[in-house]
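Take a look at these structures.
In the two complexes that follow, chain A is the common piece, with chain B as its partner first and chain C second.
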Partner chain A sequence: MAPILVVLLLWEWAVRAGLTGSHILPAPTAIVARGMALLSGADHHVLLVHTWRSLLRASAAFVLAVMVGVPLGFWLGRDERAYSWVRPWLALLLPLPAVAWTPIFLVTLGQGDVTIVAVCFLGAVFPVLISTIQGVRAIAPQNIWVVRSLGAGPLGVFLRVLIPASLPTLMAGFKLGFAHSWRTLVAAEMLAASSYGLGFMIFAAREYMDVRTMFVGIVLLAALGFAFEHLLFGSLEAVTVHRWYRRGQRR
Partner chain B sequence: MKQSLISARRFGLAVAAGALMLGLSFTGTRAYAAEPTVRVGVQSVPTDAVFQGKDWQKPYGVQREITKFSSGGDMLQAFIAGRIDMANGGSARLVTLAARQPKLFYIIAVDQYGGDRYGVIVSKNSSITSVEQLKGKKIGVVKGSGCYATFVLYLKKHGMSEHDFQMVNMKVQDIRAAVQQGVVAAGVAWEPNVAIAETMGVAKRIASMKGISESPNFILVRRDFAKTHHKTLVDYLAGMIDMGNFVNHDPAKAGQLAAESVSRTGIKVDAKALGLALSRVHVGGPVTDDLIAELGPIAQSMKASHKISAIPDFKALINTSFYQQASKLAHSESGK
Partner chain C sequence: MAIDATRNSELNVRIVSRRSTGKMKRYLRPVIAVAVPLAIWQLAANMGWVNSFLFPAPWAIAKALWVQAGPHGNPPYAVLYSLLHSLWRICAGVGLALVFGTLIGLAIGLTGWGRAIFRPIISIILPVPTLAWTPVLLLVFGIDDRTTITVVFIAASLQIIYNVVAGIDTLNLRVFWVARSMGASRMQIFIKAIVPGIFPYLLTGLRLGVGFAWRALIAAEMLAASSFGLGLMISNAVEYLNMDIIFGGIILIALMGCFFEYVIFGWIEMKTVKRWGVQVER
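Up next is the complex of A and B:
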């Protein structure tokens, strides 16, 4: 935290000393004050509405990406022939920024939530899918043979070998997937949102040169991204990967 | 291992429950209307903020379904796709639409016009007081916009050409900062950008395009909608006439309404700035030959640069019957 605090103090000092115009770069205290005003009843708690809509869209896209990416990843990870067919497509689509699809979705799906979720889904699904494939492909076949020899069927192999063994890579994929969904969200909301969302707020504030509100949106996006990365997925890892692997090591 | 399986199942259940909740949250926001509804496209401009600030069509029993677009291009795409019934457009975009889809829409009224809504700004401390003094210097402009085309006409009228300056292409929202930071010596922008920069006290306007061209923006309606919703359209336009009268009669009050409307999305903007911006715009009115004639030179220039294959017949696109009936119905000049 110390490096962040030092930069914030320097920033505050630079604005107060007049080294930079507050209409270009507002002071951190001014951004906080604007954020508090947007949270208050005077502004109808509008910041909460923007944040909620953004979280809803990013989460919906992420959940869809997990629902599609994980089963598909398990199948492709286990089926060599199918993987050899799909791999060139993955190589082609992976480097393509999800936001590049926005104009196409705007034409086909229209302005609003569906387009934004679809674009964020494309941002999230590839990291989830590829991590799942890599996790499953890295499992030693001997592990599967042992469980099969003990009488386990396909479901038993899936639940007792594939899921636990691929979980660390799966978690990494989830983290990356959500981060991509979150980053894509801003650009998608700037182009496709018609009322609420942090990306929309930043874009609309720019239209009216409301620099402080723009910075509130930017800071909040960074803070929420950080919170998801470290608090949500960190906790999830603690109760799954760390716990299960520690127990395995103890045995 | 058993404990691990339980945890994995719980995790799966949590994901499924989350998906269900998210789905319900989205579907819960939909609303259904019984009154005749017009689907309208708007942008982040002061006139559209006034439109959103009050339900102008309510006295006439028409419901509005408003979709906000980030650009005029996106709005016209949605208009072509049939996602909105009404849009507004002018300049090159309207010419392109007229050339490619002439049977799709009618031009039924004027949305806004006036050269005064385009201005040249310099930094508040600048010693420059006229466009002539900017010769050889950098000017921030939005190339391809109606604003830029009008500025080129202004230069010609005053014996100059665009080659006398270094034109720097940028987004209109960045012009104020570029002028303030000294990246460019001046900027050519449209309202409310000019008025906001002036009200902030960071820039001053040295010239406006008043009298150069009116650069009209028109209200467009899809023909299929107009055919089946004649009365709804007349009622809708009556509300628009009330709104136009209100803005033209009292721009300061309209600015207040627009600022309140914008603030509902968390954006802070000075009502005085929007009032000033609206005082430089004429809102609404019937489609006149003079205003339509302004599309001619744009179309000719676009044909010369092979952007369109033929010059559209603009008169065939005009339908004034809706406006004529609406003007008899409209009952307010102050918008109260």
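Up next is the complex of A and C:
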């Protein structure tokens, strides 16, 4: 933490000393001041609205990705034959940036929330899907045989073997999926947002050369992304994975 | 990210029983898996089951790409120029990232001052979505190749730095002790102990970096490319509602991504596995 503070202080000093143009790189205090101004009532709390809309879009895309990716992943992870048919498509689509879909959605769905959520969904669904497949495929069939021979039905196998055993990779997939959703969101909002959203705010501020607003957006994007990845999903990981595995060890 | 999980050894039980079909499974099945849906799409377009304006048939897409890649394109050779511009930008950005990323990574991993200077800067930059820099870079450079190349550079170098530092952190300290006790100079230790040790990590970083950079480049081109570029091509096509060019561009982008991921890095991996024992993590 201390080194980061030093960097911030140096940055502030460099801008005040006139070493960098403040029209390109504003001082940290100027960014904070601008952020406070955007939060205040004078600007109709516009920053809150931008952030809220971005969060809504990213979460909607992420939830959809989980709803599609996890069941599909469990199926493909269990069904060897289906997986061998779908694999070429996954290999083709995986290196394709989700943002590349934006033009299609722009033409078919127009500008706005639906397009943005669709693009972010495509960004998030592949990490979730592939982590799920990997997690399920990594389960040794012996585990399933044991539980089955002890009299468990398909539901029992699912609840007692598949879910607990694939949970660590599943959680890693969720984390990655949200990170992808969040990162794709910025680009999608710049391209397709008609109002509100942090990406939209940054891109709109460019037209007025409003660097401080742009940096407020960048800082918020970074901070929120960091918070979600490390605090939310980190603690989720800790709670679920560690508890289940520790309990398993004790038995 | 591996699609083919390496842990399918447990599943050998099932595979052994169908070994005779192994070859068909490996080579023919992917072709069929891709070709059949395309054929259905073509048929559906021909029969008028889908709106062939919004979802042009594969054959129409191929034809549009072919025309745009030839002298009768608008502008002539548009697809080729776009492809070359995108390739030039990613090569320039990744090349810069390889040089500076490796140097910064080495500085962080090996020297106290490097750690003190670069660590905090990197940890500030790391959580920022790369594309959020685009508007700032547009102000700095304007609509110019430098903007897109810088986006590529940021995306790729962060991965490279991260992996090089991870490689140095996992180096076996005993290798240093052995080298030093045998009287190796600092240079010799660097070349004989550190370079081979971090090489696999550098390769992993490069692979991830190219993947991230390609994604970032396409989006950056859509926002900020000056003349040509695959990203610009598909985003311009929206204005003219050229759905065939949009789809064709997306297919090209996907194919190029596959080319980097599977062909180039597959080849590097094949070459280096023997010599260095490198197994690049996918």
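Basically, the second predicted complex is superposed on the first by the 251 of 251 C-alpha atoms of A that agree within 3 Å, B and C clash if a C-alpha of one lies under 4 Å from a C-alpha of the other, contacts with A are read in each partner's own complex, and residues count from 1 in each chain.
One rule holds for everything that comes next: contacts are C-beta pairs under 8 Å (C-beta built on N, C-alpha and C of every residue); 3 or more make two chains touch, one makes a residue touch a chain.
Since we're looking at a predicted model, the values are computed, not measured.
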item	value
First, second, both or neither for A:L76, with chain B first and chain C second	neither
Which superposed partner A:S194 touches (first chain B, second chain C, both, neither)	first
Partner chain in contact with A:R34 - chain B first, chain C second, else both or neither	first
Which superposed partner A:Q111 touches (first chain B, second chain C, both, neither)	first
Partner chain in contact with A:A205 - chain B first, chain C second, else both or neither	both
Touch count on chain A, higher of chain B and chain C	C
Touched partner set for A:C120, first chain B, second chain C, both or neither	neither
Partner chain in contact with A:A60 - chain B first, chain C second, else both or neither	first
First (chain B), second (chain C), both or neither touched by A:L162	neither
Touched partner set for A:L96, first chain B, second chain C, both or neither	second
On chain A, positions contacted by chain B and by chain C	23-24, 106-107, 190-191, 203, 205-206, 209
Chain B residues touching chain A - in the complex, by the definition given at the top	1, 3-5, 7-8, 11, 15, 18-19, 22-23, 25-26, 44, 66-70, 74, 77-78, 81, 83, 173, 176-177, 180-181, 192-193, 196-197, 200, 202, 262-269
Complex contact set, residues of chain C against chain A	1-5, 7-8, 10-11, 13-15, 25, 29-31, 33-34, 54, 116, 119-121, 123-124, 127-136, 138-140, 211, 214-216, 218-219, 222-223, 231, 234-235, 237-238, 241, 243, 246-247, 249-250, 253-255, 257-258, 260-262
Touching residues (chain side chain A, partner chain C) in the complex	3-4, 6-7, 23-24, 80, 84-104, 106-108, 127, 130, 133-134, 137-138, 140-142, 182-183, 185-187, 190-191, 199, 202-203, 205-206, 209, 211, 214-215, 217-218, 221-223, 225-226, 229
List of chain A residues in touch with chain B within their complex	21, 23-24, 34, 38, 43-44, 46-47, 50, 56, 59-60, 63-64, 66-67, 106-107, 110-113, 159-160, 163-164, 190-196, 200-201, 203-210, 212-213, 239-240, 243-244, 247
